Amino acid sequence: MKLQLATWPDIRDYLETCDAILIPIGSTEQHGPTGLVGTDAICPEHIAGGMAEQGVLVAPTLSIGMAQHHLAFPGSITLRPTTLMAVIRDVVTSLASQGFRRFLFFNGHGGNIATVQAAFADIYADASLAGGESGLVLELFNWFMGPRMGEISKELFGDAEGWHATPSEISLTWDAYPNAQRQATLEPKRAPKGPIRDAHDYRQRFADGRIGSEPDLASAETGARLYQAGLEDAMEVWRKLLEN
Amino acid sequence: MKLQLATWPDIRDYLETCDAILIPIGSTEQHGPTGLVGTDAICPEHIAGGMAEQGVLVAPTLSIGMAQHHLAFPGSITLRPTTLMAVIRDVVTSLASQGFRRFLFFNGHGGNIATVQAAFADIYADASLAGGESGLVLELFNWFMGPRMGEISKELFGDAEGWHATPSEISLTWDAYPNAQRQATLEPKRAPKGPIRDAHDYRQRFADGRIGSEPDLASAETGARLYQAGLEDAMEVWRKLLEN
Amino acid sequence: MKLQLATWPDIRDYLETCDAILIPIGSTEQHGPTGLVGTDAICPEHIAGGMAEQGVLVAPTLSIGMAQHHLAFPGSITLRPTTLMAVIRDVVTSLASQGFRRFLFFNGHGGNIATVQAAFADIYADASLAGGESGLVLELFNWFMGPRMGEISKELFGDAEGWHATPSEISLTWDAYPNAQRQATLEPKRAPKGPIRDAHDYRQRFADGRIGSEPDLASAETGARLYQAGLEDAMEVWRKLLEN
Amino acid sequence: MKLQLATWPDIRDYLETCDAILIPIGSTEQHGPTGLVGTDAICPEHIAGGMAEQGVLVAPTLSIGMAQHHLAFPGSITLRPTTLMAVIRDVVTSLASQGFRRFLFFNGHGGNIATVQAAFADIYADASLAGGESGLVLELFNWFMGPRMGEISKELFGDAEGWHATPSEISLTWDAYPNAQRQATLEPKRAPKGPIRDAHDYRQRFADGRIGSEPDLASAETGARLYQAGLEDAMEVWRKLLEN
Amino acid sequence: MKLQLATWPDIRDYLETCDAILIPIGSTEQHGPTGLVGTDAICPEHIAGGMAEQGVLVAPTLSIGMAQHHLAFPGSITLRPTTLMAVIRDVVTSLASQGFRRFLFFNGHGGNIATVQAAFADIYADASLAGGESGLVLELFNWFMGPRMGEISKELFGDAEGWHATPSEISLTWDAYPNAQRQATLEPKRAPKGPIRDAHDYRQRFADGRIGSEPDLASAETGARLYQAGLEDAMEVWRKLLEN
Amino acid sequence: MKLQLATWPDIRDYLETCDAILIPIGSTEQHGPTGLVGTDAICPEHIAGGMAEQGVLVAPTLSIGMAQHHLAFPGSITLRPTTLMAVIRDVVTSLASQGFRRFLFFNGHGGNIATVQAAFADIYADASLAGGESGLVLELFNWFMGPRMGEISKELFGDAEGWHATPSEISLTWDAYPNAQRQATLEPKRAPKGPIRDAHDYRQRFADGRIGSEPDLASAETGARLYQAGLEDAMEVWRKLLEN
């Protein structure tokens, strides 16, 4: 069930048997010459769509993440870490006031990880500093780190997967939006790797936006396969969350 | 062009001839017994989809708005006004660093208006307090306040339009998601009106979430008509923005 | 009763029968070549003085408001929206800790409206996010939008009232401070209108600070009449607040 | 010259020869059984009125200060230290954008001192952390610590001056508002002294609000004498500010 | 060279040839029945002492970290993530204003990692959002993740190392403070593992504070060996930082 | 007992008979040509070491304080006042959640005083604004203002003590770190005095960093004497804290 397409009585009923919710979180940032700006939001949203069909309650995607390092490429948008932490706090607190207790943030962007974890600590700290008990379970799952997903990526792309604008994520967006497929000559074929600092430094190091990847290996067929793997990976995490 | 489905070179090229962007902003909140939780995000996003086809650059929808008064109904989520202000600041600042100058926030939720305007003032204040010049044009347009839209609402619903969970907005969501149509017996037929305070007070006054409306007057056909009117209203505002 | 001229036992006694308080809020900003910098604070403070004589408890005027767009004119002072929100939060919370429940912010500045409303939402949100009940009634009344006031302005000034540095507000300050009357040749006679953005843009558009007004139509006599109208308008709002 | 009663061209002209401004700052808090809630704002505002007549540019009084410890007495209002710091920052930054460089905060409340000094450091820190130069001179003068003032207090009241709700400050308010004179039997005649912590603790220690004082020694005649002394003390500080 | 034991002319001279600084960062939190509250600060400080002798400029240790989950054990102190981020921002900005460009945060606490990385992103974001260039290199190195260190831990403790109150960290503190050695009967011998949430939940899961470890395997001799390994690991990271 | 060298069961036991803790707080800032950057942290930490031996529970030193005015001298680090306030709030709140009620901040830096007091008010304000009771006792003691200390300084140095980089504080650091003794020719022998503003202004006025002092009068012998005096001064304050 997608929260946006439900009514409030639907959610009232849902809460009678389940206090968990899935919150897709992505980013709006350059993904190289051929990757979509929305890649990191589209990927978890796409898989979450499948989860919603299996009864998982799915919140609207938080489409804008922490992407300060991409800002030198037009179309990239960032929230400051402190802003994203405030967003996560407000979302969790809103739903907790209604009885939700377990929150699975389903993430599509490596750059969000530290900030999301800091946000969880900040929320827990309210209870901890008050000598109280939050009752909350806040978890993060990155779709690109699931075991089934990893196996396919390793098998098909090996080192050509790279770190940013990877053939895996681009394939997955093409499964979601077949019309969005793009090709371009990539120079060099394999993008360089290196540290991530500010946006100026990033653009100096990674001229076309990619890090270590060969996104021209992407295909819609692989995307369909990755979708299935990602759905199974994520459903496994969701079921585990419901158990504890 | 939808930002999420574009590449960064697409946006680089767009910026050569246009420095304006449309940012749909909505809310995730109860809309009465039959209205969708996502109504206020779906409506501007739906119309913005049509605008994108006419060449308008459309950012991802800010789906969560300022909806503190709805929190007593399950599924409603709010950002605090200060959080939403920080989000708007970061979005504008990110894009301004790349050359965007004109921003049209295309809004679907009355409860966002004050906060969005305060956010604009906060951004302008950076330049004003520094004795400088921002060069920015920040505008807000509420789809439900366009002239063509208003005429249809007046003609079809009159006072039954009400203020929240209106037949107009519900019709429009049914144009976007025909499968989401719901019916329920509404008691009373016409919801009461009153002031908006905190969530507890709201639920006391407005037992099923509606304010002053008769959403059972909604229909997908009306939704299609409203979509067309809303698209024309919004394109008119957009063109005016490009002129000055 | 003016809070500043009362003792704490006076307020303790007042609270036994009434939990409402009036808080004048204005701005410190240019008002054209002849208008006083304090116009927007003086107007509500002046009328509030009359209300205090009729038994209304009147807090000290919040003289500095949100006026970032006026900063390019010497003498203008702004609080950032976030600062003004914090001020309003602290004032309300202080008084609420003593039993006050109903707060009427009596406003003299259009530029404050969005920020004051966002501040109200921010205060209500504390209770809403906690799943609790604030018990607070936070209202805003702009003296210049009262019905009796509007009638006089329409009758005497029509379109020459304009939006900023209006003959009405200037007349009212002259009723309060007869010695402050100023005259100057205004060029053009009727100031231009336009959008409000940052301070640099404002000064480009509105060279002498006025927007759309002809303040040379002001007179102390009109001020006396407006004072009486404003007092009746505001007392009506106050009485309504006490009733609910 | 009072800023509130000036026009912006007046301030433009003033800035041609002087870049200094006086900002009265007080508090809104209980002052014992007979003292006015506004005492700490009234005192510096009253003296500043005399300074304005001698050509000093006087900003509107910041009437609400840091008074958290008084909140258990009805009518007291506090700004949090962080809020008051934001207010001071915005006021200084606004005026600095127009050419003001020297700011004399003229204070009537001991509880403001630490926060005002922290605010000054916070403003200076902007330049210091940027490796730059603010050019600002931020000073604080407490009217009750001037030498002429101290001599009179010592002569007339000695130890009966106490720390809060002092006969000096109450006398001074009676010079400003002769009708506000109040008498009450004070029990004990001399209030106790002690540390200042939170509002609950304060009310436990200081049952009627006074600390160490005998405010029944106040008189309007003494107020007139203190006014003269305070005016001379403050003008001396102002002249010194203009010199460096 | 330890910053605290240097004079400012020493640092001025240092900056002529090197723009890098080491900043130890730890935590103040329970470390099981026998481990020191200061363990996570003592470990990096101890190794940094050796680095200082080899010419590395070492800032004072940030002894209090993000440890909200430990608060249910007396003596534990946390900074909120947002507070720690502000501390890191101020430290970096202060030193950057003097010419420092490369910062190595030398960390002793797993719970700090996400917050430190979010802080780095927040600092970089200043430049990125301004379309500028920070010139900064911000790096984090956890002493317990160095290769030489890991080898010894694996060899001596294997799975008994666990996650919190590990024999490695306790050994290292005993090398620094031989008198601080403690023994206690640990029940169970091997502590349980599990997720980390708020402080209440933590204490429920991990009754004596340890996670997965057998700290009674610690010894001062092992501490001496770990010190040497840690020093070599850290010097390697430092040298690499100086190269790029 | 030093908190860093204790275990959590030690602190649990301590809390059974005492709810007080000492928190040394200093600064990291230039102290003239011969004084150590860590002087203001070393001094209270050194004396606190003696207190710990007499059973006082001593938290880790907060080594970085509010020192914005020193930033133009390499090696100086500041926290913004708002950051330091957040640190103090988190430290107090953490320990209060475990039963601590009395906090003695033992300070070595004049520039911290206003900010620490503002932080105390901010913490008390939580309870005061909630109409509640914090139960907290927050006190500040500056080692350099103790009576025994003052007598020695007056006897040995008189006016040559000055305000910053004083012979007293430098002597005390030499008692703690005998190897850190430095000599330099000071020009002029007695440093000038003046107001403290931003870092640029400070360096203009005080070329070598000293204010009004002759630190070449310092000696390790005097340091030993001052240590003894400081220890007695501080123990007296501590005992008084335990009594009330």
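Quick notes on this structure:
A, B, C, D, E and F label the chains in the order they appear, each numbered from 1.
Keep in mind that, in the parts below, a contact is a pair of C-beta atoms (placed from the backbone, for glycine too) under 8 Å apart; a residue touches a chain by one contact, two chains touch by 3 or more.
Here's who's who by UniProt: A, B, C, D, E, F = Creatininase family protein.
All values derive from a computational prediction rather than experimental measurement.
Looking at subunit A and subunit B, the chains that touch each of them are C, E.
Think of each touching pair as a link: the shortest run of links from subunit A to subunit D has 2 of them. Two chain pairs are in question, B-D and A-E; the one with more C-beta pairs in contact is A-E. Relative to subunit B, the chain whose mean Cα position lies farthest away is F. For subunit A, the chain with the farthest CA centroid is D. Measuring from the averaged C-alpha position of subunit A to that of subunit F gives a distance of 47 Å. We define each chain's centre as the mean of its Cα atoms; on that basis subunit C and subunit D are separated by 24 Å. Shared contact sites, meaning residues of subunit D that touch two or more other chains, fall at 71, 78, 80, 82, 90, 94, 97-98, 128-129, 131.
Because contacts link the chains in a way that matches no line, ring, star or complete pattern, their graph is best described as other. Contact between chains, using the touch rule, shows up for A-B, A-C, A-E, A-F, B-C, B-D, B-E, C-D, C-F, D-E, D-F, E-F. Interface residues of subunit B facing subunit E in the complex, by the touch rule stated above, are 90, 93-94, 97-98. Contact residues of subunit B toward subunit D in the complex are 128-131.
Listed in rising order, the residues of subunit A touching subunit B in the complex are 2-12, 14-15, 28, 30-38, 41-42, 59-64, 71, 73-80, 82-83, 86-87, 89-91, 94-95, 97-99, 177, 180, 182, 209.
Listing the residues of subunit D that touch subunit F in their complex gives 66, 68-69, 71-72, 78, 80-82, 85, 111, 113-115, 117-119, 121-122, 124-125, 127-129, 131-134, 136-138, 197-201.
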